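In what follows, subunit A forms one complex with subunit B and a second complex with subunit C.
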Partner chain A sequence: MSDYRVLPGPEHFLPPAAASMGIRLPNPGEAHINGVITSEDKAYEEAARQFLMAKVPTIFPGPLVLWAWNEKAAKKATAVRHLFNTLKECVQPGQKPMLIPMPDYRPKYPKINPEVEINPNHPNLTIWHNKIDCCMFIGVHCHQANLSLKIIRGGTACYTIAMCAQAGHEDAMLSFRDASVEKLMKLADTVKRLKGTVQPRLTSAKNGASS
Partner chain B sequence: MSKERIQISEALYDIMPSDYQDLVKSATYGKEDRGWKDIGTSKELIEQHSLCAGCPESMAFRYILASLPNPEDTVMVGSTGCTSLVFPMVAVHNIHSLFGNQNAIASGLKRALSVRFPGRVKDVVVLAGDGATVDIGLDMTLQAWFRQEKFTTICFDNELYANTGGQESGLMQKGFVAKMAPVGKLFDKVRLPEIARESGCHYVVNCTVSKPSLVEKVIRNAVHVAREIGPTYLQLYTPCILEIGKNSMEGLQEMRDSEKPTERFAYKEYISEPAKQLLAELAAKDKERKAAAKQLAGQASA
Partner chain C sequence: MADIHSIIGTKNKKGQTYTDTWKMMNEAPRTPSFYTGSEVIKEAIRRASCDVMIAYPITPQSEAAALIGELFAEGYIGDYFRGESEFAVMSQCAGAAFGGARVFTTTAGPGTMRAMENFPMWSGARLPIQMIVTCRGINSPLSIQPDTLEIAYLLNTGMLVWHAETAQDFFDWILKGYIVSEEPDVHLPLALCCDGFFVTHTKDVVNLTPADMCLPPYDPYRSPVPCMDMECPPVRMMRDPFVMKSNYISYATHASWQQEIWAAVERSRKHTIHWLNGLIDTENTDADIVIVASGTAVSQGREAIRMLEDEGVRCGLVKVKALRPWPEEEIRQATKNAKHIFVPEFNVTGWLAKEIRATVPNSQRVHAGPHVCGGMTMPPEIIVSEIKTALGMKTFSMAGRGS
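This part shows the complex of A and B:
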């Protein structure tokens, strides 16, 4: 097993792909935290804890859920909204949950408006601008998610969670696999259950984006 | 695909940036008679771009995107140059090729789309500058035409390499002195429209983009002929106002001056016999459709 751990950055300008450092993907029914394979239940707890600790916990829905290209996508979008609403209900004053879309993958630099969207080719701009210190990707095609997760790890201190519909992401600090409506609902339930038990990092000197 | 397939998930509609909401609400995807007159009343398929103020290329882009007959099922292939600054802001599928190999990419793409979607019309349109089309990519441009590949090639001719500071290109006019071509060009502008005709293109036009209705006509003709018969080529003058020492407001006049009968961008058109027949059939159908619509409107108001 690799000694390498997938931790919040800033790692450096070109962080290595976690896969090249020996991090492997979870099997069905598993997840990973910092590159260490773990049970899904543990991952729900940790993801909820990270959301509740963050000053600006943020969900980044991608094209696969933003666009109603089939019925399943529309249902997942509803579950994403439910998770966000739950998060809003469960955070403490001073925390600011956000829901920022990644509508497509066009490299819109330098026209990106970081207040209203995130682009996979320069996700750090949105994270820096909004001082996001914990984020979750959902509905982003794997290649673009990997690209973004690496850039975020390279240039920011943001904790990344991947709710992946395929086999998971080594480059996220925490990754689920086989994402479904049920899994999103379970994460929302976990957030609700942990409400009030987690101390937010509101006084931390190094919130959100890093230099 | 039609506009019905492009819908935002209801639960997340409110967080979508307004340009995407507008694209879904009022872009002209799927509209049969879309054209330049939709500009101003519908969402254009080009968002804000990074071209210089007053750049005629931006006018050309707007007219072309408004005129493509089938934008939801069109893939555009671009190349290195000022156009590559715009494609990231365009709401039509597009591929950025390596400098010069755009027609090779488009050949493979068109063939693959025909195999993958046999029952559906998929258009491929190459849009590149004169450096990519005539200098660096001439081999790929010509070979695609020789092979009778069924796609349209559009060349934005600004007669030099604009975004690298003004080097000489094959389409530069003889004697022209540019910032990085101080001796002046020693030989004539390459006669690519004539070469296109001889290489097997079925519809060839050489013009400026000063008249939106003309751009609409030639784009529609070129795409329809390419879809049914074979390669088509449009050479559109989009002067680089910076490199020829003009101001932002002078691009349109520069094009008007260059399209006079004795000038190098006087309207020139070549249509092969099969293409003539196709265009005549399309015109007849269009006339029929308009007459039927008029009759229907008359009945409704009676």
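This part shows the complex of A and C:
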């Protein structure tokens, strides 16, 4: 197994793709945390804990769940909204959950509005601007998600979670695979269950996403 | 698009049953058939649920391309045409794949070289096109004969590259290749190479899967990039492309993009091992002498090993099936006992020997040869001779034969 660990950055001017460092994707029924294969149950706990610790826990829904292009997508979008509402209910004063869409993958010129959207080609701008220290990607095409996750790891200290509908993402610090409505609901339930048991990083010296 | 699992067991318009690929390849009855490699390509594509096939004639792949035209006439393929050149063909393949089609093409030698610009574009755009490369000479003076030099150029395109030894490899790997290539975490083009003429134009007994079974269709909605979105990268190449901006973000995006292609090649490792039963095959790797080869050089190596055994010299064999992903750890393990590693090749530069030298410790063990090229055959005697010379044994020069 590789010694490399997928950790919050800023890692490098150009960090490597985690797959090239020997990190392998989980098999069905598994997840990974920091590049180490683990059970899904453990991943739910850790994802919920990271959300509840973060100053600005954020969900980035991508085009696959933003648009009601089929029934499954619409149901998943409702579950994403439910997770966001759960987060809002469970955080403590001073924490600021956000829901920022990635509506498409076009590079935004001359300038992105980082308060309203994130873009896979320069996701660090949205992270820096909103001081996001924990985020979850859902409904983003895998290639674009990997691109984004690596750039975030390269230039920010943000903890990244991927709720992937396919095989998962090595470049996230924590990744689920085969995302479904049920998995989103289970994550929301875990957040609710851990409410009040996790100390937020509000006063921590290293609480910003930027560096 | 219906879920793939709900399609299994249903029939296509030709009456073939969409079959679970693992069952079709590993459990279905096989019929021994005496075919040329080109005919085998046709039979594999008959079972591959291909949407589009495009090619341009160039020896030695022309026969396969023409035979697939017959499949089109019979209704097994959605569309089929001849492009204006290899460059056009590969661009047209890209268009079809962008549109969500399962695409097949064939080329060879100068055709591969002419189309080269498209291959990094295919992988950059995550298009799981399958291209058969029936290798032949590429340089002046013209040679249409077998020579594997073009593979060296494909190794850094971001494509998956496999090198078939036999027509049986070809049949199985065409079908399995689509499955590996289309995995959402891989989703890269595959260059499935063979040594032209030696495989394409010779007959061999090949065990075929039933003709009434076919692969499940390609599901473009599992693609890691949007299907045919003209506004987004990778399709939106020329209008405000991020690569054309001169700033750090643009460069970093492009860099991350390139890394992602090679990450996908890495991810293909797991799937390739699963479907090809390993990236390499090995025999007797506890021997002091090991031949490492790919393509038909493996067959010649196997025969040389038999001849050496008659003289009391024991050799092992490593057949390299996948060149990308590169079986680095497997080759290290398979050669760890070897005092001498011989790499016979059908090309002048010895690209496989270079890869192996960069892989194994104590690379002075690697003997880059024997080489033949330009269409020469590689009699097993010259492999025997190379090995015996390195061991300080008496040998005879093949060049002197008949004088």
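Just so we're on the same page, the second predicted complex is superposed on the first by the 209 of 211 C-alpha atoms of A that agree within 3 Å, B and C clash if a C-alpha of one lies under 4 Å from a C-alpha of the other, contacts with A are read in each partner's own complex, and residues count from 1 in each chain.
Going forward, contacts are C-beta pairs under 8 Å (C-beta built on N, C-alpha and C of every residue); 3 or more make two chains touch, one makes a residue touch a chain.
Since this is a predicted model, take the numbers as computed values, not measurements.
By the document's definition of touching, both partners, subunit B and subunit C, reach A:Arg106. Once the two complexes are overlaid on the shared chain, A:Val80 sits against subunit B while remaining clear of subunit C.
By the touch criterion defined above, A:Leu25 lies against subunit C but remains apart from subunit B after alignment on the C-alpha atoms of chain A.
Contacts of A:Met136 after superposition on the shared chain: neither subunit B nor subunit C is touched.
In the superposed model, A:Val116 lies in contact with subunit B only, and not with subunit C. In the superposed pair of complexes, A:Trp67 makes contact with subunit B only, with no contact to subunit C. Contacts of A:Ala47 after superposition: neither subunit B nor subunit C is touched. Residues 106-107, 109 of subunit A contact both subunit B in one complex and subunit C in the other. Within the complex, the subunit A residues that touch subunit C are 14, 16-20, 24-25, 63, 104-107, 109, 121-122, 125, 141-144, 146-147, 150-151, 154, 166-168, 170-171. Per the touch definition, subunit A reaches subunit B in the complex via residues 61, 65-69, 73-74, 77-78, 80-81, 99-101, 103, 106-111, 113, 116-117. Subunit C contributes residues 126, 183-185, 187, 222-226, 229, 231-233, 236, 240-242, 245, 249-250, 252-253, 255-257, 259-260, 262-264, 266-267, 270 to its touches with subunit A in the complex. Contact residues on subunit B toward subunit A in their complex (touch as defined above): 5-12, 15-17, 20, 47-48, 50, 88-89.
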